[in-house]
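Just so it is clear, A, B and C label the chains in written order, and each chain counts residues from 1 on its own.
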Amino acid sequence: MSEEPSIDLRGPPEYGDRAFAKLTAGAAGLVLLILGLIAITMTRRALPVFGEMGPRFFTSTRWSPPDSIFGALPFIWGTAFTAAIAVLIAVPISLGVALFMTQVASPSLARPLVYLMDLLAGVPSVVFGLWGVLVLSQLVHLGRSFLTAGIILAIMIIPIITSLSREVIATTPVGDKEGALAMGTTRWEMITETVLPHSAGGLVGAVMLGLGRAMGETIAAALVIGSALGQITLRALAPGNSMPAVIANEWGEAQDLHKSALIALAVTLFAITILVNLVATGIVQRSMKRGQGT
Amino acid sequence: MGSQDVDKGSVGGPVIRLPAPASSRRERPAPGPDAERNVVFALEKLEVYYGAFRAVRNVSMQIFKNEITAFIGPSGCGKTTVLRCFNRMHDVTPGARVAGGLRYHTADLYAPHVSATEVRRRIGMVFQKPNPFPKSIYDNVAFGLRSRGVHSKGELDTLVEKSLRSAALWEEVKDRLRASALGLSGGQQQRLCIARTIAVGPEVVLMDEPCSALDPVATAHIEELMRELKRSFTIVIVTHNMQQAARVSDRTAFFTTEVDAKFGLRTGTLVEYDSTEKIFSNPSDERTERYITGRFG
Amino acid sequence: MSAANFTTEIVVPPDLTAKRSWRSVKSAMMTGLMIASVLIVALPLVAVVWAIFSRGLGVAFHGFPAFFVDEIPVIARRPGPGMGPAIVGTLLATGAATLISVPLGVAGAVYLHEYGVTNRFARVVRFMSNVMTGVPSIVMGLFIYVTWTLRFGYSAFGGALALACLMLPVVIGATEQMLRLVPNHLREASYAVGTSKSRTILSVVLPAAMPGIISGSLLAVARAAGETAPLLFATGAATEYNPNLFVEANTALSLQIFGNATSSFVAAQDRAWGAALTLVLLTFVITLVARFVTARFARRR
């Protein structure tokens, strides 16, 4: 019976290895921590105004800081309205560009287009706002209004809708497209028969993400929207206001309850954009997974 | 000659005959009571699960020191799956689970206190597709040494040269050690991977179809290398090339797939394990014979 | 030889020319619309760049380097440079934000891809990180106001914190993408030589992903440099030089542009254009560096 020295497979204690794993987990958890903190701390600061106004904060249309009356409805409306305008303008254009880049353009043409999009995405919001206020609104006789803000927002969300749409469209199986073309369809017919049905879900998600971004864009909107009060109207050419714009414009001179009201607006904005982004991200992720499975 | 006949009989058990083969290349030590000292791995009803699916079942065998053992069989028969058990590679596959007994020199490889890293320091692996790091040739070989704390240039230089010589690559790369490893040919890259693996001084070198991505000339180099390496290492090689197994190995294990009654799916299992000469000239199991004569697989 | 057996036929080649039809016209029209949308997109970009350069070039480079170095005139009506303090402020806030968010973001992404591929925590974090990229910058700014500025006052660091919160999910997303691109066989090669997981990540995975991580982070930096809203509530509106990160209010290019855009004084508006040009040039340089890093990585492989 041969005796073998027993082999110790425990190895040296790897403290560094375990610490590393915990550190990285902690860093990842920061995301949840920050989001949670935002929700908690801001809501706490907003409570005074809710105490004062109650649910009328959301339903009243009167916003008068000197009288301590804060009705947010016009701004919620303004946010939704400008975002809707922006999306209405941006979506057809983004879709057109995305389809062009994926279905029509040769790869050597598509590349400079990618750079173009990156450049567009790289221009800071405030610079667009500056241009909007000093150039666009004079030029097109639009003045500062919902429409001007909508146009500026559209310009800013086009890059993100386009790039997401491109990703979704790219998952269309080549086999489907070739099959359609092989039957003698025109390019447009191939697109409507294979690419669009396949990408529909993801495109909806992309649009929603653009919507969320448009709702949250502060500065450009603040500069060109017109800062009018109490306007719930469909007249796009009227000057108006939106939640981020109000916060940015009135913050400088706000006193306690006013500040609390503005923070309450921010919490509302936070909640709405989180919700839209949650749904949108879920849709996009699910459609990408499904797309890659076919 | 003492012989342990573990003959499980007719119902799907592996047929193992442990008496050592007489290799055509050199004389093998007669087995006997010493056989236990030469055992590197002892498998006892090894099973591997991917999630709930049993991919490999009922593998029992022993691997011996300083021998080349070949695993052959049709695709999906579990030979790579079993190989990856030896160095705890299934740890990095989510959902994979190893059951049954697997001992490395009497130590249970899957005991809870066992460190996979420690296991892999003693049991190295060369992969099917050469996977050098995107670093210089020198740094590839030195990588394992550096992570073991060898930092002095003199020591590293010596060990790197030694490994590259053992891998029959030194002459070809000695003038460009700082060049990127990715610039080497496929065969050279694979030899580099072998050099990298043996640099840290393992006892066992596992090889998962090491030549399947290489051309015949490179393959011949590697097979030549394996015969050299056998003197200092224990080698287990998975190969789908039967002729290769016949050329280089001392013992061969033939795996196949069976429909697993429990799952209704095909599961890998060990059919026969014996000296290479026996397997290829006079196999005991009919399935082995059918495979090596090409009637299936 | 019977020549009579040949039948003489004039073989007409099949007509493969394109046929006019409503379908092909429609397809061509649609393609035209697509091209039109590309042009529409190019239009505002060209217009904005044109405006920035035509209006800002003179202001920014008149009496170079006055614009970049002089202090901001306290009296808005006064014409002349400069934006020096704003440049310093932007660099301070953006630089500090990068130092905070990039290491944390990379570490977080490492956890998500290398450790948490299947577990629930990782999936939740990944999802919420995506959602977090859509949080309005003004909300981040107010968040920092409520948690930091109220306690510690205005400073460039407060702005840096807000920017870091904005950058974190972007860095996590970009890094995770890059980690995903590192082929698994590299990891396996490292494990097979008996290397621990942390060492594998630090010595093999991260170096392989580094160029992509750098360029992704630089893009996040470029975006942060242009942010206004977070700084509004954290950094203040100083006009003097303040090279101190932690103490006292500071300013930034974006803040100056915002403040001056609504000014009725042409002098202030001019400075806004100059600042806009500076900011765009800064962003452009950062983006160029990011592209350069990606290209060099592609070439080395």
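The definition used in the following text is that contacts are C-beta pairs under 8 Å (C-beta built on N, C-alpha and C of every residue); 3 or more make two chains touch, one makes a residue touch a chain.
Only a predicted model underlies this, so the values are computations on that prediction, with no experimental measurement involved.
Engineer: Skim through the chains and flag the pair connected by the most C-beta pairs in contact.
Structural biologist: Answer by contact count: the chains A-C.
Engineer: Quick check for the class: compute each chain's Cα centroid; which one is farthest from the centroid of chain C?
Structural biologist: Most remote chain from chain C, centroid-wise, comes out as B.
Engineer: Quick check on this structure: which chain has its C-alpha centroid closest to the centroid of all protein C-alpha atoms?
Structural biologist: Chain nearest the overall C-alpha centroid, as shown: C.
Engineer: How far is the middle of chain B from the middle of chain C, if each middle is the mean of its Cα atoms, in Å?
Structural biologist: Inter-chain centre distance comes to 49 Å.
Engineer: Measuring centre to centre with CA averages, how many angstrom lie between chain A and chain C?
Structural biologist: 15
Engineer: So the centre of each chain is just the mean of its C-alpha atoms; given that, what is the distance between chain A and chain B in Å?
Structural biologist: The separation of the two C-alpha centroids amounts to 53 Å.
Engineer: Going by the contact rule already set, what residues in chain C reach two or more other chains?
Structural biologist: 196-197, 199
Engineer: Give the residues of chain A touching no fewer than two other chains, as numbers and ranges.
Structural biologist: 14
Engineer: Which residues belonging to chain B are in contact with no fewer than two other chains?
Structural biologist: 117-119, 121-122
Engineer: Enumerate the contact residues on chain A facing chain B in the complex.
Structural biologist: 1-2, 4, 6-12, 14
Engineer: Sort out for me which residues of chain C touch chain A in the complex.
Structural biologist: The touching residues are 23-24, 26-27, 30-31, 33-38, 40-42, 44-45, 47-48, 51-52, 104-105, 107-112, 114-116, 121-122, 124-125, 127-140, 142-143, 146-147, 165, 168-169, 172, 196-199, 201, 222-223, 225-229, 232-233, 254, 257-258, 261-262, 269, 272-273, 276, 279-280, 283-284, 287.
Engineer: For the complex, give me every residue of chain B touching chain C.
Structural biologist: 87, 89, 92, 94-95, 116-122, 124-127, 129, 131-134, 143-144, 147-148, 182, 193, 196-197, 200, 202
Engineer: Of all residues in chain C, which touch chain B in the complex?
Structural biologist: 117-118, 183, 185-197, 199, 203-204, 207-208, 300-301
Engineer: Per the contact definition, I'd like the list of chain A residues that touch chain C in the complex.
Structural biologist: 14, 16-17, 20-21, 23-32, 34-35, 37-38, 41-42, 45, 92-97, 99-100, 104, 113, 116-120, 122-131, 133-135, 155, 158, 162, 186-189, 191, 209, 212-213, 215-219, 222-223, 244, 247-248, 251, 262-263, 266, 269-270, 273-274, 276-278, 280-282, 285
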